[in-house]
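Quick one: structure below, then a few questions.
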Amino acid sequence: MKKLEIVIRPDKLEEVKEVLDKSGVTGMMVSTIMGCGHQRGIKEMYRGAELTINLLHKIKVEIIIRDAMVESITDKIQQTLRTGNVGDGKIFIYNVENAIRIRTGESGEKAI
Amino acid sequence: MKKSMFMIIMMSIFLLPTAVFAAEEVTTADIQANLDTIWVLIAAFLVFFMQAGFAMVEAGFTRAKNASNIIMKNLMDFSIGSIIFFVFGFGLMFGDSMAGFIGTSGFFNPNTLDLGLNIPMEVFIIFQTVFAATAATIVSGAMAERTRFAAYILYSAVLTLIIYPVVGHWTWGGGWLSQLGFIDFAGSTVVHSVGGWAALVGAAIIGPRIGKYGKDGKVHAIPGHNIVLGALGVFILWFGWFGFNPGSELTADSALGGIAMTTNLSAATGAVVVMIITWLKYGKPDVSMSLNGVLGGLVAITAGTAAVSMWGAIAIGAVAGFVIVYGIEFIDKVLKVDDPVGAVGVHGLCGAVGTILVGLFAVDGGLFYGGGVKLLGVQTIGVIAVAAWTLGTSFILFKTVKATVGLRVDRQDEELGLDHGEHATQAYADFVLKI
Amino acid sequence: MKKSMFMIIMMSIFLLPTAVFAAEEVTTADIQANLDTIWVLIAAFLVFFMQAGFAMVEAGFTRAKNASNIIMKNLMDFSIGSIIFFVFGFGLMFGDSMAGFIGTSGFFNPNTLDLGLNIPMEVFIIFQTVFAATAATIVSGAMAERTRFAAYILYSAVLTLIIYPVVGHWTWGGGWLSQLGFIDFAGSTVVHSVGGWAALVGAAIIGPRIGKYGKDGKVHAIPGHNIVLGALGVFILWFGWFGFNPGSELTADSALGGIAMTTNLSAATGAVVVMIITWLKYGKPDVSMSLNGVLGGLVAITAGTAAVSMWGAIAIGAVAGFVIVYGIEFIDKVLKVDDPVGAVGVHGLCGAVGTILVGLFAVDGGLFYGGGVKLLGVQTIGVIAVAAWTLGTSFILFKTVKATVGLRVDRQDEELGLDHGEHATQAYADFVLKI
Amino acid sequence: MKKSMFMIIMMSIFLLPTAVFAAEEVTTADIQANLDTIWVLIAAFLVFFMQAGFAMVEAGFTRAKNASNIIMKNLMDFSIGSIIFFVFGFGLMFGDSMAGFIGTSGFFNPNTLDLGLNIPMEVFIIFQTVFAATAATIVSGAMAERTRFAAYILYSAVLTLIIYPVVGHWTWGGGWLSQLGFIDFAGSTVVHSVGGWAALVGAAIIGPRIGKYGKDGKVHAIPGHNIVLGALGVFILWFGWFGFNPGSELTADSALGGIAMTTNLSAATGAVVVMIITWLKYGKPDVSMSLNGVLGGLVAITAGTAAVSMWGAIAIGAVAGFVIVYGIEFIDKVLKVDDPVGAVGVHGLCGAVGTILVGLFAVDGGLFYGGGVKLLGVQTIGVIAVAAWTLGTSFILFKTVKATVGLRVDRQDEELGLDHGEHATQAYADFVLKI
Amino acid sequence: MKKLEIVIRPDKLEEVKEVLDKSGVTGMMVSTIMGCGHQRGIKEMYRGAELTINLLHKIKVEIIIRDAMVESITDKIQQTLRTGNVGDGKIFIYNVENAIRIRTGESGEKAI
Amino acid sequence: MKKLEIVIRPDKLEEVKEVLDKSGVTGMMVSTIMGCGHQRGIKEMYRGAELTINLLHKIKVEIIIRDAMVESITDKIQQTLRTGNVGDGKIFIYNVENAIRIRTGESGEKAI
């Protein structure tokens, strides 16, 4: 099993969810993070003083999937999200040693 | 004061006839005028406070990423409106009438006009100022979350400068509608419908927010970010309406109690009816629609608040409840006009319906009280005339703004939020937000 | 008005005796009546605004997942209450008395009753309406975060329909308590204790929120989600209380200043005393309890606001401070009744204690001012009678509701939040919440 | 009342001369006094409500982790201030004058003083109480997010006890400044500058918040956590100012309308001017500064509200707009005094400038109206004298507090937030916060 | 060392914390996420329009523990959380290469 | 590639960001968590009842870096954050199997 950690723009969440749903991903964990990558901060003003917000709102979507699905899913996500602009996001891939479904006690690939 | 009183009393003993004259002159009319002065002022302050209510309702019912922008718009339409209405608007509304269509005097120094009022001109001007600002504010909610700030400033100024004063002149400035016998006591039509129709045109021309309607035409809800603040806003508006309606009597007399009662009963009934309808229709009572129900009831009773009975007020509030639910759905799902806070339904539809219902429920002249259809006809004419004027002028206005300054922010600013795009700021710096 | 003034003055010169008569008739009583009218109306508006205060306090002191539900309850108890009180409640409270126990006339059209007041009936009705709604609202806080919405609607309607008007009749409608000489100027007992005792019964019958008390009996704190909003609510209530107490004078006269002062001093002292006690007791001054201290001081002074001196008010506020801290702890830790916002302590206990203290501190008739124990006795009888009536009737009421509609939401809805379970909505859609 | 009216009328027919006397006695002066009573009371209630406004502005413009602390400070300065001002402050301000410098009578029972007013003493006392509390509150914003709670309690008590009453005595209590002809109608200098200068001294002595100024001297913005609440606070303050300024007339007369108008126009102009300046200067219109613009306009007009024309008010508001933007920048970037909510700029600078501008814009006596430089000189003397007194006494005060109780919380409490460190609580328990 | 990523219902946090405390877990990281697994969305209404919230509030608890503790801990968590209903949650297990305690500079198992 | 998961005190974020920026880290993911380690809870009061907040506000900074950078970065972080008090925080290190830059489709070390 692998974990895909997908960092996206906030307004792309709906689209990504749709793609994952269609690809048979059975679950996901979504969280709000502050991120920076090649896309650097934005400038804000507050009461006449400058404020560099160098961390931007990003959404992190984590999915645990079978090894076999990794390629097809990363492909589809890239198709959906690629605009060619900085800030398009990234995918990081990790190994998952085991998964357990608490409801049934199943473990391994059956559990995801 | 005590000393001068004493002198008057002394005088009244020695110089009786004159004394009575003098004492009367000092006291009777003056005291009633002073009483009227503080009454109208307090009412004006309450109506002013409605600005806070609008700001909270509009901010609460939209998304966190646009909250500072909404606040700024509310602040500025009132501020700019206060100045513009003082300098020009009041004169256009209450100056010497040109054919019953528009006022033509009193610019720059409206306090020099003589309207033969019992209260000082300044008192009347501030009361009218806070009314004028209300009309402008209404539009801001319907066009929230996508309008360029500069465009907003521009059109809200024009609204307070021309569109509203003309309608005001027709009805309250001695113009043609008042001569017909049109009844709009505190402005269901003059204030609220004007705001509502302009909001409809604006929201239609600017188009829906990104994501509001799916490609398949599916309607997506975009929930407001703070229902508690929205509710606070509704309570503030309700509170302020006790200045709006009773204050429009412009004097402290025995009719005020009835006006306060009809105002309250209609608002309460509006809320209850919306709760019941949504409970039956959606399975659970809808909070944000019920809050709109209050506002619908308030807007609807505003025209007839001094003319209908308590039970008439309950009836009008009930009708407003239906108008709110089905009206907002109609605008959202059939017209596909995206109005984030329901301003068109609340102010446009309920304002129009409430004004027409005076023709049915007016104790004196209403159809249901044996008054025949005359009043009903006049009310309908008034509603239609004001709608035609407002739809027409605001269509021109918004098209012009669109073609010049531009009406809508660009896609990225809309997605990141207007707070960032238009003001380089954020409303909730310490909170983790979903978007 | 100006024209008629002129005529009167002219007449007064030529037809002196008649003129004086006429001028007096037009002016003196009328103007005072007009003055009383706007005074009582403005007070009523301020008391209305307390609804916003209650909504903010109750929402702020409970969890985010139930905030929309709290708002909806506050909105609906006032809306439904306004209608019910108009149709039935006012008649039960002020209609012709049946043996000093309950009113029996004026239903459906209470404005046709003649109570011999100086102000128009409608003015008095709206003033009484906003008071009635206050009693109902109090209960909502104590039973927050676990009560079925339908059950709430039902019992708050019954409270406004019967339980409150009966007590009101006893004291303010010419009933037996008023005949005894019971002093409850603005409703420490009539309004607040009624709400407080009903809240106690309700909170006891419905049981504590999940997680409030550990298996080992340990008391867990469940912190409110927005102390700032809660504080705003307290300030709004304090503001509204300046209508509640001085407004109950029902006329604009020279006693009002003293009433406003005692109200303010008691509230301020309540806050300061709670701050000091919690500072000593817990090591740090407690914010949310100090806010309750304000409310305790306000509730306690309400009965005697027109009867006690400034220093009496300070003493009453200080006692209220102690009652708040130890009373709330007693209810929470000894009785193990879970009252999320402290409504029983604030309204029930402080209302009762404040009413009894009038027997000690009344400048005219109080024990400390040499008036003997008579008034103290009467005050105590009143407090006990109202407590007995309210505890009894509300026990029956809540048991009946429990057995029929059901009083409590199911476990899952409570855990996910009533916003979701009862209204399929959420109050803070854009914020990341801990729960 | 009705019955006694009837008797009076009857008497007036038979016993004419006496009757006129008697009737006058009952009615005329009394009714105007009653009218003045409710007017001043209502104004006092509005000014009281400004406490809520200050609390929301200060909480909204600072960080979430300190919000409960801010609330508690606002609650306590008003509560403690109410008691202290009643017991001592009022006597120091309005008691028998010692050489025009300080009052010396009326302690413990200020309502026994006889000031020859048209309204009952209690009415005047509550009006003055809410003013006194305003001065104290101002300081809290400037020293927010780092001050020990105990220290705050102490210095705000001393402010209400001595520093403010002395200035008040000079100007409103018959002291030397009023004898010079100094005009400060509602307290630009007496209330706001006193607060502002004390705030300056306090913020300078306590030093900036951690992270406010970089090692390189770079100024870092520390954004407020809730701009919507901050804006609500500004609207509440604006609303309350309609009690602050018109209420200071202390009687219900025909001057009130003009006062309300100048107040509103100056506030509106302040906001618009700040918007324009920030738009040009920073590229985008700044929301939080524009909100300060309103307050600047309000503070500036307070001295001359009854003395200047409408256009004078617009001019004063415009000047205030400039003072806000450049004044706040000066304090922040040049003086490097960290004032989180801009209190020094708003209350200190705008208060001083507004008072001096009366010397230019007063219709009666102002330089621009041909009145010469006399008034301008007097105004300047007043501003300087008050500044000197306040800067001096508050310097001693803060240094003493620093040396004894300690002024500042320790580093860890500041970083974790004062809510935790000073009150062991948190304002937003259910929200995920960034810090 | 292993990381256990435990996704639970919000109202179970207290119980889980207690279990972990008792089992000698020395630290944890708790975060709020939005999740979906077999338990799918809920329907909400807003102003008459439907709103499918297909992401539910979940709590993610991450603990880094010694390899030897994995089994006993997963067992105890399952005992505590299993109700047999969808939404009971899951446990994902990852390998941790190293851990460093900043305070002391210790690393490896000593650091957790 | 490795992932460093750095748990810090909230008020240290600025400093850590600066250090990472200077060390050539190209991106980061910052999130708010509630944590407990050796530093245990704090006591709060609410309306007279005690409330043990045994989870403290912490910030989690995640960075994905080349293997070669791990040591120098962990060193620098420790230098910056070590005060010797409990609550200084921890660093956990994981293996990352792959990274993909959505904008370009690059993967592996080129993508980070």
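Labels A, B, C, D, E and F are assigned to the chains in the order they are written; within every chain, residues are numbered from 1.
The rule we apply is simple: a residue touches a chain if its C-beta (ideal position, glycine included) is under 8 Å from a C-beta of that chain, and two chains touch if they have at least 3 such contacts.
Treat the numbers as computed from the prediction; the structure is a model and nothing was measured.
Novice: Under the document's definition of touching, what chains do chain D and chain E have as common neighbours?
Specialist: Intersection of chain D and chain E contact lists gives A, B, C, F.
Novice: Just how many steps, at minimum, does a route from chain B to chain F need if it may pass only between touching chains?
Specialist: Each step joins two touching chains, and the minimum needed here is 2.
Novice: Does the chain A and chain F pair touch with the same residues on each side or with different residues, judged by whether over half of the numbers are shared?
Specialist: Mostly different residues form this interface, as fewer than half of the numbers used are common to both chains.
Novice: More contacting C-beta pairs: A-B or E-F?
Specialist: Result of the comparison of E-F and A-B: E-F.
Novice: From the C-alpha centre of chain A to that of chain E, how far is it in Å?
Specialist: 18
Novice: Cα centroid separation between chain B and chain D, in whole Å?
Specialist: Roughly 31 Å separates the two chain centres.
Novice: How far is the middle of chain B from the middle of chain E, if each middle is the mean of its Cα atoms, in Å?
Specialist: 52
Novice: Measuring from the mean C-alpha position of chain C to the mean C-alpha position of chain E, what distance in angstrom results?
Specialist: Taking the mean C-alpha position of each chain, the two centres sit 46 Å apart.
Novice: Scan chain D for residues touching two or more other chains and write them down.
Specialist: 16, 20, 27, 31, 33, 35, 38, 42, 223-224, 226, 232, 282, 284, 286, 288, 424-426, 428, 431-435
Novice: Could you list the positions in chain A whose residues touch two or more of the other chains?
Specialist: 31-32, 34, 44-46, 94-95
Novice: If every chain is a node and every touching pair an edge, decide which shape results: line, ring, star, complete or other.
Specialist: It is other, because the touches fit no line, ring, star or complete pattern.
Novice: Which chain pairs here would you call touching?
Specialist: After working through each pair, the chains in contact turn out to be A-B, A-D, A-E, A-F, B-C, B-D, B-E, C-D, C-E, C-F, D-F, E-F.
Novice: Going by the contact rule at the top, pick out the chain C residues touching chain B in the complex.
Specialist: 1-2, 5, 8-9, 12-13, 16, 19-20, 23, 26-27, 31, 33-35, 37-38, 41-42, 44-45, 48-49, 51-52, 55-56, 59, 67-69, 71-72, 74-76, 78-80, 82-83, 86, 109, 111, 119-126, 129, 149, 226, 229, 232, 422-432
Novice: Report the residues of chain D in contact with chain B in the complex, numbered from low to high.
Specialist: These residues of chain D touch chain B: 16-17, 20-21, 24-25, 27-29, 31-33, 35-36, 38-39, 42, 46, 63-65, 116, 118, 223-228, 231-232, 234-236, 238-239, 242-243, 246, 251-254, 256-258, 260-261, 264-265, 267-269, 271-272, 275, 282-288, 290-291, 294, 310, 314, 428, 431-435.
Novice: What residues of chain E sit close enough to touch chain C in their complex?
Specialist: The touching residues are 9-11, 14, 32, 42-46, 57.
Novice: Can you check the complex and tell me which residues of chain C touch chain E?
Specialist: It is residues 210-211, 415, 420, 424-426, 432-435 of chain C that touch chain E.
Novice: Which stretch or stretches of chain A touch chain E in the complex?
Specialist: 3, 17, 26-31, 64, 94-103, 105, 111-112
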